[in-house]
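Just passing along the structure, written as structure tokens.
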Amino acid sequence: MFDSFVVKRRGALAVLALSLFSLTGAASVASAAPAAGLPESVRIAAVARNATGGKALFAGSSALVASQGWLAAELGKLGVKLEWLPVTTNSVAVQVNEAFANKSIDFAQYGDLPSIIANASGLKTRLVVPGGSLNNTYLVVPFNSTARSINDLKGKKIALHRGRPWEYPFSRLLAANGLKSTDVRLLNLNPQAGAAALASGSADAFFTLSDAFLLEDKKIGRVIWASKTPPQDWKMRAELWGSADFLAKYPQLAQLVATAYVRAHQIASVDSGRDEYIQAEAAAGQPESVVRRELDGDTRAWKARWSPLLTAEVKAHYAAEALYAKQSGLIAKPLDTSTLYVPQFVEQALVQLKLQQYWAP
Amino acid sequence: MKQNIFNGAKGLLLPLAALAVWEWASRQGSGAAYVFVPVEQLAQGVAELLRSGELWLHLRASLTRTLQGLLIGGLLGIAVGTLMAQSRVADRLIGPLFHSIRQVPLLGLVPLLGLWVGSGDAAKLLVIVIAAFYPTVLNTSEGMRRVDQSYREVGLMLTLTRGQTFRRLLLPAALPAIVTGVTHAQAFGWLACVGGELLFAAGPGIGSLLVNAEQGGRMDVVLISVLAIALLAQTMNFLFQRAAGLLVRGRSTL
Amino acid sequence: MSTNSVIATQPRSPQPSHSPSSQQSLPLPPQPMPPQPLPLPQPQPPQQQSLPLPAPAPLPPSPQQQSHLPSQQSLPLPAPALLPPLPQQSLQQVHPLPLPLPLPQHVGQPATAPGRAPSARAGLVARWLAWRWSGWTSPLLLLALWSAATSLGWAPEQILVSPLQVLHTTWELIESGELRQHLEISVLRLAGGFAIGAVAGIGFGLLLGLSPGLRAYTAPTFNVLRQLPSVALIPLFILLFGIGESFKIFIVVKATFFIVALAVHDAVAGLSERYIEVARVYGFTRWQIVRRVVLPGIVPATLTGVRIALSRSWMVLVGAELLAADSGLGQMMEMARQMFRLDIVMVGVVLTGGIGYALDRGLRWLEAHLMRWQRGDRENT
């Protein structure tokens, strides 16, 4: 009888059934053993907007690297594929950190604060190529609001996505005006939700990147503060990070990636590169006017933006940010940021491309 | 016949009235027009999406994903459900685990799945597989268990082998329950597809279209996406009901 | 009593001498045939059928029509023997066909695993099955596997946290008061939205079931809206109502309303026509019919619908909080993801599951409790 069939094999069937349940956890957790030679592909995560056509179009320096095709060609010579992993703007930090954790990416171009959070929790990533598309941040209030500065928002609700890189400029803004984070009520909402909150009046202010201009265009909000003029070390950074394991295991591939990005930086940093960059950003889904407004009036020189040098300024920025993260409870244990840097890749790239003097101060 | 048409017309009255109210509301000022998008703008939005092929791209991705998930989850569910019904040991082992994990709301599992499986297509498919799995297991095991004792006696009398008993007696007898389970799985699977795409927003899918439209503040695309989701839900349900009717024609209800 | 056993279709004449069975212990005829001892499964009474499944299109269904709703009752946890043990004096005492062989031992029992008596291993399994706490075996095994995986380091700490860590974090969160805060807010939202949705759903479902006119006008719209997944409405509601409490409550209301309304409508439709006829014979007014016949009659199905609506709306609420909220369990999990604290995420997962379980159990208890006096009535009908 069928019953006795099952009974005789009940041990095996029970194990099979149980393993079906743990399939999800076990299967993805076990990471593949590394190949003796080179990996199958180098995977880079970059922010992408889902532009029309359903294809993800990347933004920033990664877009330049992808479109220039140099990296793909060089890796192809070694038999290694180049894979780009698009991450959506609403949750870049979470997606990239999780992807690093389950080893599905090797590099990512994303923000400074999420990298600090990742490293503080035990993940090991390293800053490979600093510089690039460094964003400005804006404080937006509803269109009809009477608030003129952050001081008018004391005690009010401000929508801010926690753990994202622009949280740090916000904290500097508060500190510069003598306010503490407890003086305002922070709503932890992702950028879309924050925009909706501002539109419907559930939030009295919204702190975000250049999507603030979209709200201005729709007459839903007004920008009352921008990070263009304050000191440079206030501003957030979004740079190329790599998994420490990968960097140790395949330094030559890492070098290729670093060189590709430095090359892209150099091409973008010439004056004519500015217009090309704007065109590329506009094609990636941001309206051109928004991109122009984001770049205009910025006190940071165009060329200096793209400098991949690991200067004392960069290090100080990260140290201060790690301190802020500890103080605000975003990380549990303090992080020593001196372990995060691997400047040798950029130095080597500059030598290879003969750009040692290009960004020298 | 005339009665049917009349009844059908009555059913249309409410949507038409709602449409009229909508159109009136959209003329009440720009703030209202933001929320109650004028019908012409909706039509233009639809045309635009169709022209760029975007709507079809996203719908196709969602539909294939849902069907794949339903197939995998359904088959797995039928297998596990049968196992649980046939073997007390399996039932005692799998049952408690299944019922406790089932209690966790599916969308609440998303953060964990995102970490373990990533945010891509695999994760979205997995959510649908799990969503299809739950109702199928429940209904299959229940249906198998309730197969009339007399059927099994017939099998014994006719000295059928165990395979034949299963294939010829138990499976057809439990088929109404299995089919109902699959219909439930379809409804829940579509919900899981949309929910998964909302939460893992990268890649093509009607949920991603919805979320991106919300991000861009395009209320018209949001409304169009919601309508598309509703219509697809209705269509799939109708198709599955029809298929179910064909499969269990003439059988007694469970 | 239905007598669709194959054996029972034999003529009821006392013919004892053909049976080879030596276990026949009944006195000789003219003893009437013993009653069929097999408690055959009854056709599914409507109150055990659950949702959500749309009634077969098109509406309105006839009062006699049963919705083909499957049972979604989950098995009790941990499970004792799930089926009532059949009386041992089964077919041997019945006068069957003159079979060449005695019927196998296990025919009278449900088709589950019989033990092959002589094997010691089978004896062990049987003992384990009979053990009251055997239902806890696999959860405990899973827990052991989980602990082993984390202590042996099969997966990095960021992917899998140990159970102890989860407990530790739960305690931390309880101490800081955060957990209670989030929990309260989520449960309040659920309660508020659910109350509104359930009451409205019952009312509308009653109207829909009792009034063919209303059905004709609203049924198609109702069906389309019902099948629309509530999660798809979240972005729309965010744009409409903002990020405040209202959009979450409305989402819960939407999810609850349609499920409960459908359940009530199906229950009203499935109510036996005879009750209404008897009531008319007694000269009840329409209102009295509703109050004295319809309302009590739909209680079981309504409770089932309410239970399903509760678990569905809990899921939708968690989803809404994950997407856009500044407080609540879902938001706690999302924030934990941003801070890369997997242990808090696991605490959230376990807690949402626990609440779902508690709500489900609670309503099942209520159902059983209310049905106790109902069942008494029903069995005498």
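The chains carry the letters A, B and C, assigned in the order they are written, with residues numbered from 1 in each.
The working rule: a contact is a pair of C-beta atoms (placed from the backbone, for glycine too) under 8 Å apart; a residue touches a chain by one contact, two chains touch by 3 or more.
Everything numeric here is computed off the predicted structure, so don't read it as measured data.
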Chain adjacency by touch: line, ring, star, complete or other shape?
-> complete
Which of the two pairs, B-C or A-C, is linked by more C-beta contacts?
-> B-C
Euclidean distance of C-alpha centroids - chain A vs chain B, Å = 35
Would you kindly tell me how far, in whole Å, the mean C-alpha position of chain C lies from that of chain B?
-> 19
Calculate how many whole Å lie between the centre of chain A and the centre of chain C, each centre taken as the average of the chain's C-alpha atoms.
-> 45
Interface hub residues of chain A, defined as touching at least two other chains | 2-4, 6-7, 10, 18, 21, 25, 29, 91, 94, 98, 101-102, 192, 196, 199
Touching at least 2 other chains, the residues of chain B are 86-87, 89, 93-94, 97, 101, 114-116, 170, 211, 214, 217
Which residues does chain C have that touch at least 2 chains other than itself?
-> 111-113, 125, 138, 142, 158-159, 238-240, 323, 334, 337
Residues of chain C touching chain B in their complex?
-> 4-7, 38, 40-41, 43-44, 52-54, 56-57, 66, 68-75, 77-79, 82-83, 103-104, 107, 110-113, 125, 128-129, 134-139, 142, 158-159, 216-221, 223-225, 227-236, 238-240, 311, 314-316, 318-319, 322-323, 330, 333-334, 336-337, 342, 345-346, 348-350, 352-354, 356-357, 360
Could you pull out which chain B residues touch chain C in their complex?
-> 7, 10-15, 18, 35, 86-89, 91-97, 99-112, 114-116, 135, 138-139, 142-143, 145-150, 152-154, 156-157, 170, 176-177, 180-181, 183-184, 187, 190-191, 194-195, 198-199, 207, 210-211, 213-214, 217, 219, 222-223, 225-226, 229-231, 233-234, 237-238, 241, 252-254
What part of chain A is in contact with chain C in the complex they form?
-> 2-4, 6-7, 10, 18, 21-22, 25, 29-30, 91, 93-94, 97-98, 101-102, 117-118, 121-123, 159, 161-164, 187-190, 192-193, 196-197, 199-203, 330-331
Using the touch definition up top, name the residues of chain B that touch chain A in the complex.
-> 52-54, 57-58, 61, 76, 80, 83, 86-87, 89-90, 93-94, 97-98, 101, 113-120, 126, 162-163, 165-166, 170, 201-204, 208, 211-212, 214-217
Complex contact set, residues of chain C against chain A = 106, 111-116, 122, 125, 138, 141-142, 145, 149, 154-160, 238-244, 323-326, 331, 334-335, 337-341
